[in-house]
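All remarks here apply to the structure that follows.
A, B and C are the chain letters, set down in written order, and residue numbers restart from 1 in every chain.
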Amino acid sequence: MKKVLFATSALVLTAGVAAAEVAVSGDGRMGVIYDGDDAQFSSRARVKFTLTGESDAGLSFGGSFRVDQENYNANAYRSAARGTAGAVWISGTYGKLSMGDVVSASEAAIGDLYEIGYTEGQFANDIEEITYLTGDGANLDQGPSILYEYTVNNISLYASASDGVNTVWYTTPGTNAHGDDTGDTAYSLAAKYDGSTWWAALSYAKHGDASEIGLGAEGKFNNFAVKGVYMSYDDRFDGLDEWKYTAGLAASYQADAVLVKGFWRQDKFDLFGGGTEKYDSFGIGADYDLGGGAVLAGGIIDTDYLDDTVVDMGIKFSF
Amino acid sequence: MKKVLFATSALVLTAGVAAAEVAVSGDGRMGVIYDGDDAQFSSRARVKFTLTGESDAGLSFGGSFRVDQENYNANAYRSAARGTAGAVWISGTYGKLSMGDVVSASEAAIGDLYEIGYTEGQFANDIEEITYLTGDGANLDQGPSILYEYTVNNISLYASASDGVNTVWYTTPGTNAHGDDTGDTAYSLAAKYDGSTWWAALSYAKHGDASEIGLGAEGKFNNFAVKGVYMSYDDRFDGLDEWKYTAGLAASYQADAVLVKGFWRQDKFDLFGGGTEKYDSFGIGADYDLGGGAVLAGGIIDTDYLDDTVVDMGIKFSF
Amino acid sequence: MKKVLFATSALVLTAGVAAAEVAVSGDGRMGVIYDGDDAQFSSRARVKFTLTGESDAGLSFGGSFRVDQENYNANAYRSAARGTAGAVWISGTYGKLSMGDVVSASEAAIGDLYEIGYTEGQFANDIEEITYLTGDGANLDQGPSILYEYTVNNISLYASASDGVNTVWYTTPGTNAHGDDTGDTAYSLAAKYDGSTWWAALSYAKHGDASEIGLGAEGKFNNFAVKGVYMSYDDRFDGLDEWKYTAGLAASYQADAVLVKGFWRQDKFDLFGGGTEKYDSFGIGADYDLGGGAVLAGGIIDTDYLDDTVVDMGIKFSF
């Protein structure tokens, strides 16, 4: 049962070793964030485990989570050992089924806008991320969710769902499991057509009265890429205000080791007190690939969600 | 940059590498639990570290804990770095001495009933586990416990103990260590005779006024296995009721890749208000080995401890 | 004793594998501590990740943290993924720049007294550690700090600083980042001259009104080593009392596999109510190297900070 870390996966494969294994990878970053008032140091180091195996009949299975996603006693909603962080999956000719803190079908098909800066948008509260109605942490009071993905030729189909049961203790029903089990199933459906240089996707999600219809497309032409996302919400409330839509546009240009990226995003709300309000967000940044897993990166984001224009500049690593 | 774990320690050993090493392994599972009212998704992914080394004189030493057992700042009672989760050990010709969140001598000798279902009994609050009086988390207010194991020929001897000192801060005595140090040493002794196809064990444990006498035996004949456990308690209280005994019986039958398992358990209490009450628990389940570390499994458990019959069905992985 | 994925990095390099990798190492210990009143079991097991990489231009980078240093949801001040535990760094011909929970320039140059016992001083609240004014956890309310180190010939220069901004949420400024941002930059400068058998260092640190001047030197002659540290504080308060200085002396003698170590330390305070008080601390201990990463060790510490003389005896492991 002992495993020793070895560095050449080639050798492992040729040696015909059993498939089940745990891979350890990591990432890090260091730099400075200007938060509108002050410049601050910001750094991090993380480690990720990727578990993979294959049954005798060729069924692939696996799981993955990061060390910082295992908060067993601190937060039952953020624990891979409780199914509320990371995910496990099985995969075969019939598609791939994942369970855990999975993204919704909508997000799996459409995704987010491009990440800016060495903190990958975190210096502006990840405003490049679309706030999907379901999945990816949105329904963890119901425990793990599932995501099913199936691709045939150019078409990918996605379906995701929570189990509709609020539980006191997620992974183990028991005497205390029946206190508050009147949740609404949060589900999502999506389809994507993938051409050789572009894709387009359509999605739907529902949780209780709230629903979401999404549209996304991306094209890549030579060194240039552009992506558009439009999410229309119905009966979705952010506090007392009703969230009507999120529209976003992102573009990038690769010139040798330099990747320039930018995005624009607009969110519209019908205010509780009457009237509407639009929040605009802009970001622009550049990555410079130093090779070997190191990337110099910086970004500027101006968003109505923050009072200030924020800037980051630093270096990010992958191991 | 992912790193792959290499599986053949043989290669490493022939290369003459030093013995001290950290092995990384993992497990996972996904499936559905019916808790008597609702069906719920339940999944998890975990990673375990196993540390091993050998001194120049041939003394083996090591330790092990899982990522979810390291809750340093969240729960001092569940932290491998504080000795209150996982364990470390030394081992040689004189036997093996472990320290940490070890099991009691009773549990080391006798163990639990057979685990049912893909959640290995967790879907019914692990009712197949005997609730030993000492060790395995029962005395963590005293910090780490010790377990000593010695085997000569067919006979194994076990002894375990807590240190009898309640401490505010487990691993570091100091100015605040003397607040509440009036604990009772929790200890246990056990002996086991291991025949070729069967074993039998006798155990004793004591903590304060409470004591436990245990008897266990298991036989394996061809594809059939059966195990019986009887634990008699004296002056052991569960709230105001006095716990008199736990009796359990488990059996399994292996037919090719299929392993069918079942257990029965009875607990008797003398009620505070007068009279007695017996709690019966039954479980039956089957594992189907898919190879490569994947096992399809399901179980049904009916126990007086829960109001409902609970069911699980899913797939479990080891990496 | 670091453990690399594979023990011969030479082999890995000759195979032309990319440099970026995650090494997993560990440590453990078990033994008994006498806290002045009672003997207590004390053990632990820990795992450390060391991330290393190199850019195309030869810039080295990396990071490291232990599993118990990642308390993402339990304690934002003790999380490698937030930059408040462990550290990341880049290193080249211009020196080494680290960010995270780094030590101060003072501590990097001068360090602590010798560690005694199998718990390496923890059984007496690490009284052998100099309580540096800045860095190493002292300023984590400001998030990550930086440490710069540069060595030319026999001279090493050190500089460290916090960013002077108290943040609610360290790694991500945003709407809630401006609540309390009136921190004082904590910084430190140090220089060290390293002869062949001895070194001497001078340091300065400042945080708000408080300042620290430090002097350290160590000599190693055959099997004998001796180290002296003197830290003078100005306007540094411990509660209402003013901390004037810390003086310390440590010595060790190696005889084959046995290493005998001792230290003395004195702290002087001007009391709020008038008068002064001196706290003396003494420690003596011995390590016996069993080889393969196992060391038998014990120590006795008598300090005015504790009412009792405390003792530890046990075995410590590195994997």
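The rule is simple: a contact is a pair of C-beta atoms (placed from the backbone, for glycine too) under 8 Å apart; a residue touches a chain by one contact, two chains touch by 3 or more.
Since the model is a prediction, treat every value here as computed from it, not as a measurement.
Trainee: With chain B excluded and the rest untouched, write the groups of chains still joined, or say one piece.
Mentor: Take away chain B: still one piece.
Trainee: Nearest 5 degrees is plenty: how much rotation brings the CA atoms of chain B onto those of chain C?
Mentor: 120
Trainee: Which is it for copies chain A and chain C: same residues on both faces, with over half shared, or different residues?
Mentor: different
Trainee: What whole-Å value do you get for the distance between chain A and chain C if each is reduced to the mean of its CA atoms?
Mentor: Going by mean C-alpha positions, chain A sits 37 Å from chain C.
Trainee: Can you list every residue of chain C that touches 2 or more other chains, as numbers and ranges?
Mentor: Residues 5-6, 18, 20-22, 24, 53, 67, 71, 73-74.
Trainee: Going by the contact rule set out above, which residues of chain C touch chain A in the complex?
Mentor: 4-6, 12, 15, 17-24, 49, 51-57, 59, 61-65, 67, 70-74, 79-83, 86-90, 97, 99-100, 143-146, 162-165, 167, 170-175, 177-178, 181
Trainee: Given the complex with chain A, which residues does chain B contribute to the contact?
Mentor: 1-9, 11-12, 17, 21, 23-26, 28-30, 33, 35-47, 50, 52, 66-69, 71, 73-75, 78, 119, 122-125, 290-294, 305-307, 310, 315, 317-319
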